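In the two assemblies presented below, chain A is common to both, partnered first by chain B and then by chain C.
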Partner chain A sequence: MRSLFLFFSSLWLTIVLLALSILLVFFGTLDQVHWGIYEAQKRYFETLLAVWHYPPQWPLAQYLKGFWIPLPGGYLLGALLVINLLCAHFRYFRPHIRKTGIVLIHGGVVLLIISGFLTSWLQQESQMILSEGGPPVHYSIDYRAYELVLIDRSNPQHDSVTTIPLAMLYDGGELELPGLPLALRTHKVVENAGIGLRSNIIKHYEDLLAMARRPDSPVQFSAREMASVERILAAMRDSNALVVGTHGDVLLDKRGLQLRGFADRMDGVVHQRPPTFKEDEANMPAVVLEISGPEHSLGTWVLSTGLVGDIPPQFVTLGDQEWEIALRFKRRYHPFSLQLLKFSHDRYPGTDIPRNFSSLVVIDNPQTGEHRQTLIYMNHPLRYEGLTFYQASFADEDTTSILQVVRNPGWLAPYIAITLVGVGMTVQFMIHLIGYLGRRRTTP
Partner chain B sequence: MNQRIPFLIFLPGLLYVLSGFLPPRHQVDMDIDGFSRLPVQTGGRVMPVDTAARNQLRIISGRQHVRLEEGGRMPASQWLLELAFRPEVADDLKVFRIENPEVLGLFGWDPDIGKFFSFNELQPHFRAIREQAVRVNPEAQLRTPFEKQIVQLHHALSLYNELAHSFTSTGNLSQLEWEYLSWLQAVQTGRDAFRARELGEEYDIEAFNRFAFLTDRFMELSRRASLGVIPPFTAEQREENHWLDIGQGLLLTLRTDEINPVAAAYAQLSAAYRAQDAEYFNRTLATLHAEIDPQAPLGRVGFEHFFNHFAPFMKSIVLYLAVCLIIGYSWLRESEGARRGAYWLLLLALVIHTFGLLARMYIQGRPPVTNLYASAVFTGWGAVLLGAIIERLQKNGVGTLAAGLIGFVTLIIAHNLAATGDTLEMMRAVLDSNFWLATHVIVITLGYSGVFLAGAIAIVYVLRGIFTRGLSPELGRSLTRMVYGVTCFGLLFSFVGTMLGGVWADQSWGRFWGWDPKENGALIIVLWGALMLHARWGKLVGDRGFMLLAIGGNIVTAWSWFGTNMLGIGLHSYGFMDAAFFYLIAFWMSQLALITLGTLPKRYWRSPMQVAKAT
Partner chain C sequence: MIKITDIDTDRQTGAGSGRCVRCALWAMPLGLLLGGCGGDGIETLQVPKEEPRAAPAEGPAATAGADDPQARMGLTALPGMAEQAEAFPAPEMIAPAHWAAQAAGSMRKGSWLIADAYGHSADMSVLAFPGDVGGLRANLDRWNEQIGNSSLDDAAYAAILRDGSRDIGGEPGVVVFLRGQAGQSTLGAIVAQGGGTWFFKMMGDTELVEQEQALFGSFLDSVTFH
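For the complex of A and B:
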């Protein structure tokens, strides 16, 4: 026990942990190039163990391809650093005025690490999309989570919406819906997919191949890519194929399935894609779902977040009851709404360099009776009801404004922490400096 | 004699600086300097023609002047004058820089024939350039050196073309006044024809067509011209400080029924320059200044012209280099006079450097650090200031040398970063916050200064210890104390700067920390500083180990400063071919080599190391 305490309180451990933290942050940053910031954060900083692989794009990759480095993840290092700090404090600390700075610094660092854990667990991000002249919007969309919804529109006053997170569905899984006379059976879930009409997809790939075969083509495919496209084409031409994998293998056959809706009427098919990690792209999952009533199956539907636009909505009917079904990005509802009056995109004269983006919105909160205008612009977000709305992007030729919505209940902790560390460092270094200058003066 | 050495060192430096106040020399009696002072707007900013010409020429040829084949140099503003008014002369000047042998091969040229080419030499190959330019990889980071050069050349050619049509219409450059006069008539007769046509009455078809043709032509000109040469006309334009290009300026005739006086004066200037009529040229120039100057922020524009000509950072580079050499001499000859002279010279360089910083702040109306270029200038400045303070405390030349070294290197880096265009560019929306620019950015950049200064002192320690007998135990101890103090400073500023960045992020985006590459880079500096100090306090390293860790700080900070930017551009590639990446790797290798050198067993050190261990 004693030796354990000595180990956890040792300064060597501090050095090792700091060095490992540096390596973790360095390799995590390098991998952001491949995984994007969000995914790299999950793989390096919000985990117990991280592994860095030698990237195949680097020089000498043919020799070093299998090379990898295991590293303790952010959670593990953070926890160990806190333990190390606390143990060292009990082992070495002797109350003295000269040590106040050190105590403040270390207190602040502990709080900073804890606030990091809090943020990682509690912070939620979503986006609110507002169009000029559009209706008030009372929800924001989380593009990294998906939900299956069944909407009962029979009540003229309001819709009843049942949502099931996509994470609860898996190949072959079955699910009873409490409160509804329905049960779900999942035939296939695809994390990222293209979805479309079989004839369109076939035509797209045929055109692509024809273009790639032209000698002066701007697109150039390797032999492997050509073969892959040909396999996909062959699979798509098989009229029984419903879900086709990234390399052209048929993942789900439609025989034995009673297809309804889009897949039945329009010969819609699902084409699996590799998941994307780009910051400005979202995965478009698709699911093939059989829905049963109390007695028998009602049919099988293909749903995807990509099914929007001119594709008509799909419905499940049981007796005289009817539900619209869809797979969509997760919505976070708010007890208030925002309506965009005007979006502005100012540029410097004679250039395309943006000077400012701003959204003039109306907040309407029926609970508090608030109804007022506010301007959201660069470096000046709206803080409302524990949420921060900041101007993140825009679309549709400057008529649509996209606000990032952040909820971070632990936001105050880092402020306290950095004040502690900043003051502590200043105090400690001042003590050193005054001591040094004093010594200089006494020794000529 | 010894008393005089510092003066003998300082005096040439001072004279060199004062030479910047001499007016620029031109071979012709035309007032080219007056032309280079004319205010124009580009990139959203009003600047002297001189700056616009330098920036564009730097993008096209990588230089701020044209080297003439017959020897000598042509300054950027004179080059612009030729380009605008005597394109037949400009088109033979070798300004397009092409270094890639494959691109030269595309034109059937041998790499030995040089790397600068004229517009006329390139003209037969425009088709090939255009064809290749559309075929390049759309993702900039994945482009081959050949593709990068093609894109760069294509861009340079279109800049060149835009600049050539920025002052006048595209007709016969000697007879623009006639052209403008006929435009005035066309407006008057054409408007009647236009109105008659609208009313369905009989109208003069020829007048109508001429009017439509010229209007179209000036609208096309407006799309091409890249400089705002005519001051704001309407109240709204004045409000937005929106200058008009020459096409818009000529179209003003539709409202005013006269040729805009600035446009007319530029046409006269063209005729005068083509006739090489110095008297007429200078007279027209005076008219132009009288028209434009009252509407321009003249103080700033005139000052910027002086700033370009004075070139304070160039002067500082020379002075810093001299400082390093003189310190080396002072150690070889154990000359206290030379050390003091070098210190004075360092202070002079610091004054010039500071002047340059303040000048940029005044011209831009912003805190000193607004982009990567400015961060290089400021990092150097901070390190030199700290180094000068250290020299004042410990008069042994080390502070001066470390300061001179960093000042020299950072300004060279800045000089190379400037090749991308205007270094006083407008701030993109999210950065448009003077408060955070003045706090977060300044503090974190001073953190870089501290870490680099500690690293430079540590390098002096290693090199002097191994190769000379000059590293006495006392000096060793004193250097350790310096590095320790500077590291504490660097850690404090890096930490506070990083955290201020977090506060900015929280204030602007509602999240304190986003694991962005630049944030991570700053975090690594803080972690490294913490590691160094804990290793020191725990006596896990001695003097020498601490020094080697300080050299490691250079590696870490270079990563944070430049490495993370190289990642950030595209998400798929590291841009291995980029020259900047090559220099980063070279710098890392050099620092690793120094660290390895420092681990040599002490018996190989020429300086007595045994005693230096004591703390």
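For the complex of A and C:
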């Protein structure tokens, strides 16, 4: 036990951990170019173990493509740093008034690392989209998460929404729905897909090939790319193909499936695409889902977050009960609503340079009886009911406001941590300064 | 060179070192426990009523639509569909004066809101889709489904073909009135033209839709495709 304590309290360990942290930040930053900031954060900092692979676009990639470096992830490094700091503190620290500043600094650093963990685990981000003159909105949308929903609209007072996280559908087994006489079975899930009418997709690729084959075409395909498009086209022309892979392999055949809804009525087909990691893009998953009642299968539906706009909603019926089914971006419902009265986009006079964005909204909370206006603008978010609403963006020629909604129960912790460190450094400095000045006065 | 030594190694007590290591050992399972928290499961929520997506909204490539993530995120999940729909130019149409024009889009070539003094309302849309979109019967079944009716049987479908055929913009089309079970009905016309299928659809309160039948016919008479 003693040797373990000596190890965890070692200053050499501190140096090694800090050096590994620098390496982690370095390699994470390199990979962020490829994966995007969100994915790089998950792969390097919100994990116990990270692995860096030699990028295929770098020189000598044909020889080094299998080269990889394992690194302790952010969670592991953070935990070890906290343990190291606490152990070193108990090992070396002797209580004395002159060490007050050091205690505060150490406390602040520990709190800062812990607040990072808390934020990583507990923070939820979503967006609320409000239109001028539009109805009150009581939910925000998380574009990084997906849910299957079954909506019962039979009650005139409210809708009953059963939500199933998309992650639960990846298992492929039978999933009973609590409270509903239905069970689900997934035939296929793809993380990102295009979805449309077969005839339209075929025409799209035929036009693409025809354009690429013209000698003056601005679009130049390699032989491999042309072959890939031709394989996709061949797969799409197979009327039994329901889910086609990225390079034209048929991932799911519709034979044996009792298709309903969009896939049946409109000859819909799913085309898998590589997942995107760009910050301003979202993956559009698709799922082929069989729904069963108590006695038999009710059919198989193709659902996707891409089935919006003019594609009509899909329904499943059992006896006199009906549910609208859809795959959508996850909604976070709130016990209150916001309604946009006015969005303002101020520009500096005579220019198009934005000066200020602001949203005048009405908060309506039936639980507290609140009904009041408030202004949300840059650097002045609305903090309400444990959520923070930031003015993030706008659209539709300045008639739609997009608010970033953040739930972070530990949001105060970093501020307290930095304050502790600052106060601790000030206190320690003053202790040394006063001592030094006192010695100077007594020195002849 | 700075040499770092572990100072005071002979001054540590077993109690202090053991306490610290125990603290550290407690932190790890706590971390794992917290790491396992926050997972989502199946939930059933009661939420305020929302308008069901019965009336088609803007297409995926349109810029309108508050809940359209694709337009906001710069995506096109329906390859070629919106672009091909844009290739169908909106026909000339003369709408009655009391039809309130709404914003159109890439696939929605015309959009109106109709209301009367008794609080009844209906949505009138003109849409174009490339191809046959599943065929006439499938689309009539879709319209029926939207207003709570079951699919057409053979006799009903034959009656529609017999009684509902009419010229729309110089092309043979079909007009149909579908009476719903829950106070909503659909008055619509479908015609193939220019490599696509055009949908002229009024859907809303039955009392209002019934009254608008004659004006709907006049509207169809005014349609001129380019």
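Annotations
We take it that the second predicted complex is superposed on the first by the 411 of 444 C-alpha atoms of A that agree within 3 Å, B and C clash if a C-alpha of one lies under 4 Å from a C-alpha of the other, contacts with A are read in each partner's own complex, and residues count from 1 in each chain.
Assume a residue touches a chain if its C-beta (ideal position, glycine included) is under 8 Å from a C-beta of that chain, and two chains touch if they have at least 3 such contacts.
The structure presented is a predicted model; accordingly, all values stated were derived computationally and were not measured.
Of the two partner chains, both chain B and chain C are touched by A:11. Legend: residue contacts after superposition of the two complexes on their common chain; A:59 is shown touching chain B, with no touch to chain C. In the superposed model, A:32 lies in contact with chain B only, and not with chain C.
By the touch criterion stated above, A:440 is placed in contact with chain B alone, chain C being left untouched.
Of the two partner chains placed around the shared chain by superposition, neither chain B nor chain C is touched by A:374. Annotation for chain A, partner touching more residues between chain B and chain C: C.
In the superposition on chain A, contact of A:292 is made with neither chain B nor chain C.
In the superposed pair of complexes, A:47 makes contact with neither chain B nor chain C. Annotation: chain A residues 11-12, 15 touch chain B in one complex and chain C in the other.
Touching chain A in their complex are the following residues of chain C: 4, 6-9, 12, 14, 16-21, 23-24, 27-28, 31, 34-35, 37-38, 40-50, 52-54, 56-60, 62-81, 84, 107-108, 127, 129-134, 138-139, 141-142, 145-146. Within the complex formed with chain B, the residues of chain A that make contact are 11-12, 14-15, 18-19, 21-22, 25-26, 28-30, 32-34, 36-37, 40-41, 45, 57-59, 115-116, 119, 123, 125, 218, 278-279, 346-351, 353-357, 378-381, 383, 387-388, 390, 404, 406, 408, 411, 414-415, 418, 421-422, 425-426, 429, 432-433, 436, 440. Chain contact summary for the complex, chain A toward chain C: residues 1-2, 4-6, 8-12, 15, 75, 79, 82-83, 86-87, 90-92, 117, 121-122, 129-131, 134, 138-139, 141, 143, 145, 151, 153, 156-165, 167-168, 177-179, 193-197, 199-201, 203-204, 207, 265-267, 271, 280-282, 284, 304-306, 308-313, 315, 324, 329-330, 333, 337, 395-396, 400, 402. Contact residues on chain B toward chain A in their complex (touch as defined above): 41-45, 134-135, 228, 237, 240-243, 245, 393, 425-426, 428-430, 432-433, 436, 481, 485, 488-489, 491-492, 495-496, 499, 502-504, 506-517, 520-521, 523-524, 527-528, 530-531, 534-535, 537-538, 540, 556, 559, 564, 567, 571-574, 576.
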